[in-house]
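Got a structure for you, written out below as structure tokens; questions coming shortly.
Per-chain residue numbering starts at 1, and chain names A, B, C and D are given in the order in which the chains are listed.
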Amino acid sequence: MPLLNEAAKGVYVIAVTPFSDAGEVDWASVDRMVDFYEEKGVTGLTILGQLGEAPKLTSEESREIARRVIARANVPVVVGVTAPGLAPMRELADSVMEMGAAGVMVAPPWTTKTDDQAYAFYLSVGEALGQTPWVLQDYPLTTNVTIAPKVIDRIIRDVPTCVMLKHEDWPGLAKITALRASSDKGETRRISILCGNGGLFLPEEMGRGADGAMTGFCFPEMMVGVVENYGKGEIERAHDLFDAYLPLARYEQQQGIGLAARKYVLAKRGVIASAALRKPGAALSPGDIADVERLLARQSKRLAEISA
Amino acid sequence: MPLLNEAAKGVYVIAVTPFSDAGEVDWASVDRMVDFYEEKGVTGLTILGQLGEAPKLTSEESREIARRVIARANVPVVVGVTAPGLAPMRELADSVMEMGAAGVMVAPPWTTKTDDQAYAFYLSVGEALGQTPWVLQDYPLTTNVTIAPKVIDRIIRDVPTCVMLKHEDWPGLAKITALRASSDKGETRRISILCGNGGLFLPEEMGRGADGAMTGFCFPEMMVGVVENYGKGEIERAHDLFDAYLPLARYEQQQGIGLAARKYVLAKRGVIASAALRKPGAALSPGDIADVERLLARQSKRLAEISA
Amino acid sequence: MPLLNEAAKGVYVIAVTPFSDAGEVDWASVDRMVDFYEEKGVTGLTILGQLGEAPKLTSEESREIARRVIARANVPVVVGVTAPGLAPMRELADSVMEMGAAGVMVAPPWTTKTDDQAYAFYLSVGEALGQTPWVLQDYPLTTNVTIAPKVIDRIIRDVPTCVMLKHEDWPGLAKITALRASSDKGETRRISILCGNGGLFLPEEMGRGADGAMTGFCFPEMMVGVVENYGKGEIERAHDLFDAYLPLARYEQQQGIGLAARKYVLAKRGVIASAALRKPGAALSPGDIADVERLLARQSKRLAEISA
Amino acid sequence: MPLLNEAAKGVYVIAVTPFSDAGEVDWASVDRMVDFYEEKGVTGLTILGQLGEAPKLTSEESREIARRVIARANVPVVVGVTAPGLAPMRELADSVMEMGAAGVMVAPPWTTKTDDQAYAFYLSVGEALGQTPWVLQDYPLTTNVTIAPKVIDRIIRDVPTCVMLKHEDWPGLAKITALRASSDKGETRRISILCGNGGLFLPEEMGRGADGAMTGFCFPEMMVGVVENYGKGEIERAHDLFDAYLPLARYEQQQGIGLAARKYVLAKRGVIASAALRKPGAALSPGDIADVERLLARQSKRLAEISA
């Protein structure tokens, strides 16, 4: 599998972790899920992220899932390797790269406070990872660490293996504008910028110069469609698609219950066998299910209208 | 002006604070804003909230704005009186009630950690406020205080002057369901529940038993329309309206820049003279303005479609 | 009263706010407290800080206390004027400077995340305050804002009215070392550095180049003695004093209950009439009182030993 | 090795993780450290805690350290098994119990907000761990989760395998008093309470009914001495010992640099070969070392005085 590089574009969907109702990893669903994402046009897969259910896996299970997904996928796989120390981070990174991962992703520790601390952390990440290409995961809402654009620019300049930014600052449009200004002026390498936040700002992010999305909505075809249409200059078409999916995407952004909604829809679409979250995890109430069903029905209707 | 009570319904819009470009309070715009909100059908006004720009006012200006808005408004006015101590809270509350406010709103201090601490705090609020009706402001994203439904139930039972919940937990649909179950079973008084979060979950919140919205989107007619249609059982119509405004409402929910976008639109609509935020405050970039303009154009088009 | 400047040294004690048992401001105790602090050798007073009970005052009471303390004191008075906006900050600052305050103190808003944001905030503070000398309050434990030494250096360079750092980072010894290295090399002005954290690191902070303390232990003579002895090169003597008071100083650093302990001792020493905190506030339990009494007895004994 | 139970008393010291200068686990130092702690009179060992350097270990190294320590120790070993999910928690717990651990320790996830959430979490921990006895780690300063005494009482009542509280609330003396009142009245089982916070409140905690300490000061003999003297009713003697060590214990409580100071002293005492922290980690500056050396010299002198 080729390694991740600065030219990466499209949708690196954040995969869910399928479990049986009893809480066991459901390997058949893992396979089906990989196939489903590829059928929907994603250009990459991202696994073992910080949110979602990867942290509920045993270390043995984590490796097995990485192995299984990498083996089955025909697209590059990025693996989250964030850890409290450089040693366990490198251990996991080396292990998944050997399996065939395309790159790894690293978020900063919550103890990072100042510009220099953020810079120093990623400098040490670059040293620890050797030749492995990696993604800088910028996710202030969860890590509570804000990294200014000029700090990202310093990292890009000094650490050549940093090839992608997972952009998830909020609000973050000005950040994309600033980073693209730096590379347009030739002050930094132009790295890939893929956006998170459940895709809720994807059209505007594309308008600022993002290369795509790295997030996990249950209809990956929304992200794929928005990115493709933006790439073709079909801006209004991109927004039409986005708007049709937005009510459900918004519902999925609720903490906890949102992931249960995502799995509910993926199960309904036949991708995973069970919508169950592993413990401890939220479950949809009858009211939640009614909400999701209404949103799905309205979404189908609206999609039919705009494709008519 | 009649006092706030448990039967309050509709939209208590959170008013912006109009400033001139030079940063002075713009009194003509304050008046125009009150008229505008009433023309759009709001049932109440909420001023001096914790977010927005009220904290940037001098104490003299705060009182003047309260006085001006209360004098001009034909609808009830709720005034935020959250303060670090009971004494300044009561001082402000007494002052605005004398001016003719309908009630006051109080958020918990960030030091509140346990169920009993939240309960004890609101018990002391009730004692300090005497006969003044008040709104429990439940806003975990900002206060970092989560109040369980059973704690709210205890407060409702023991503090008769608590007549409304400003609901802004996120996710919070299950909380509305739980609170309504308590009052439906006769275990607690049924108080008014008005929802925040920029209206981003308003249709679903209405479906769970909310009585309306208390938030600040630049098109208050969206909230008014959703609440009215839900009240008439026109659920799909409510969602149609909501969906048409959602792309812009989502854009307005960006921290900092969102408020600048709200003021930009209100200025464009002729409500306030200047879109400026008082220092320190964000300003829209050309890219932000282009985003908002596109969203406005698309919104007009979509509203025309659904009203056709 | 002369204005605060970079040469400030010694102990600017953070004053408590004396209330009667009924919760009213106790003006006689305010006067007695000012006299007490001066008798114990403090070189300045700090009032209306962010912690403590100043936020529980009404705005009217705050101004009255500032007026009373400034009128009575023979030493310079620094007044905390931190506010969510520049306008109310300036309003309060102008008001207390007119009363005769020596300077004001400003902490950063919790929304400050990056180096440039901290710098920009203090630049705007300097502009808003005009000629008023001010203290940069660096208190990450409460504000959740960490300001790197190089950012403080930038502020010192560009804002001539910044004359003092209230140093309360934790751990913060390296920060003092870094700031003094900058001024020793002539890269920045040498401003006054007074240290907080309840005095718990005062001897080590003096060793790194601090000019004294700005904090509120119930035995201000400890801080005065440590600073004086350090100034005379009597390092071991400074530590002897410090160690004798440390067990009680440590006890006072407990959140909430610590302030109640401080007032208990000040009441016992005859400085304030009542140890009561205004609501909402903690009260000492019998067990806490027994702890404090034991610590006081042991402290007296140890002080007698070291002065023998 | 016998299992941990409610009768546990004394000092369960939190062990450091010894590394070579190059950052490799130093197995000889691990052995020496176990022997050292036992010679100093500790009654148990605690390893793989959340703070310190355990999170920097690879999963392989973690297990090897657990195996090595358990094999060598003649006292019970408690192992930290906190994890984001119940599955990896149980996996690690089962593994270390098989190696001969006496019990495990679990902190709550940061998403825990309400009383019922804390209770539900520990109920599920009890179910997941089967017969394994476990320690409830109550550490609000780091986890940001405050668990009220009445919630701990509920857990004690409903989960018989919860046999110990690692008490690290701050301030926390009232919490010990409340928990002991419950068990004294026969409302709950009396479980073991061992205290953290670097031992900085140990004498007072013993006075409230704690059974000892679970923390990591570089002179474990301080904790052992305080606990023993308190047990014999030699309260003043306990305080004398405590006060002699307090200046250094306080210095060790600085975040980051404190752990470097602890390792510096342990290396100086011949316990571990290198004072190095694994990356990323702080290192003592010359100024820090001078501070520690002064504190050590003064401590020796004071210990000689009080034992004279």
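Convention: a residue touches a chain if its C-beta (ideal position, glycine included) is under 8 Å from a C-beta of that chain, and two chains touch if they have at least 3 such contacts.
Heads up on the chains, UniProt names are A, B, C, D = 4-hydroxy-tetrahydrodipicolinate synthase.
Just so you know, these numbers come straight off a predicted model, no measurement behind them.
When the contact pairs of B-D are matched by residue number against A-C, A-B or B-C, more than half turn up again in A-C. Here the C-alpha atoms of chain B line up with those of chain C after a rotation of 180°, rounded in steps of 5.
Shared numbers divided by all numbers used gives the overlap of an interface; between chain A and chain D this overlap exceeds half, so the copies present the same residues.
With centres defined as mean CA coordinates, chain D is found 38 Å away from chain A. One finds 46 Å separating the Cα centroids of chain A and chain C.
Computed from the mean C-alpha positions, the centre of chain C lies at a distance of 33 Å from the centre of chain D.
Contacts with at least two other chains are made by residues 256 of chain A. Taken pairwise by the contact criterion, the protein chains are fully connected, each one touching every other. Here chain C touches chain A in the complex through residues 113-116, 140, 146-148, 150-151, going by the rule given at the top.
Here chain C touches chain B in the complex through residues 23, 53, 55-61, 83-88, 91, 109, 111, 120-121, 124, 128, 256, 278-280, going by the rule given at the top. Residues 170-171, 173-174, 177, 200-201, 204, 207-208, 236, 239, 242-243, 246-247, 250-251, 254-258, 285, 287-288, 290-291, 294, 298, 302 of chain C are the ones that touch chain D when the two sit in their complex.
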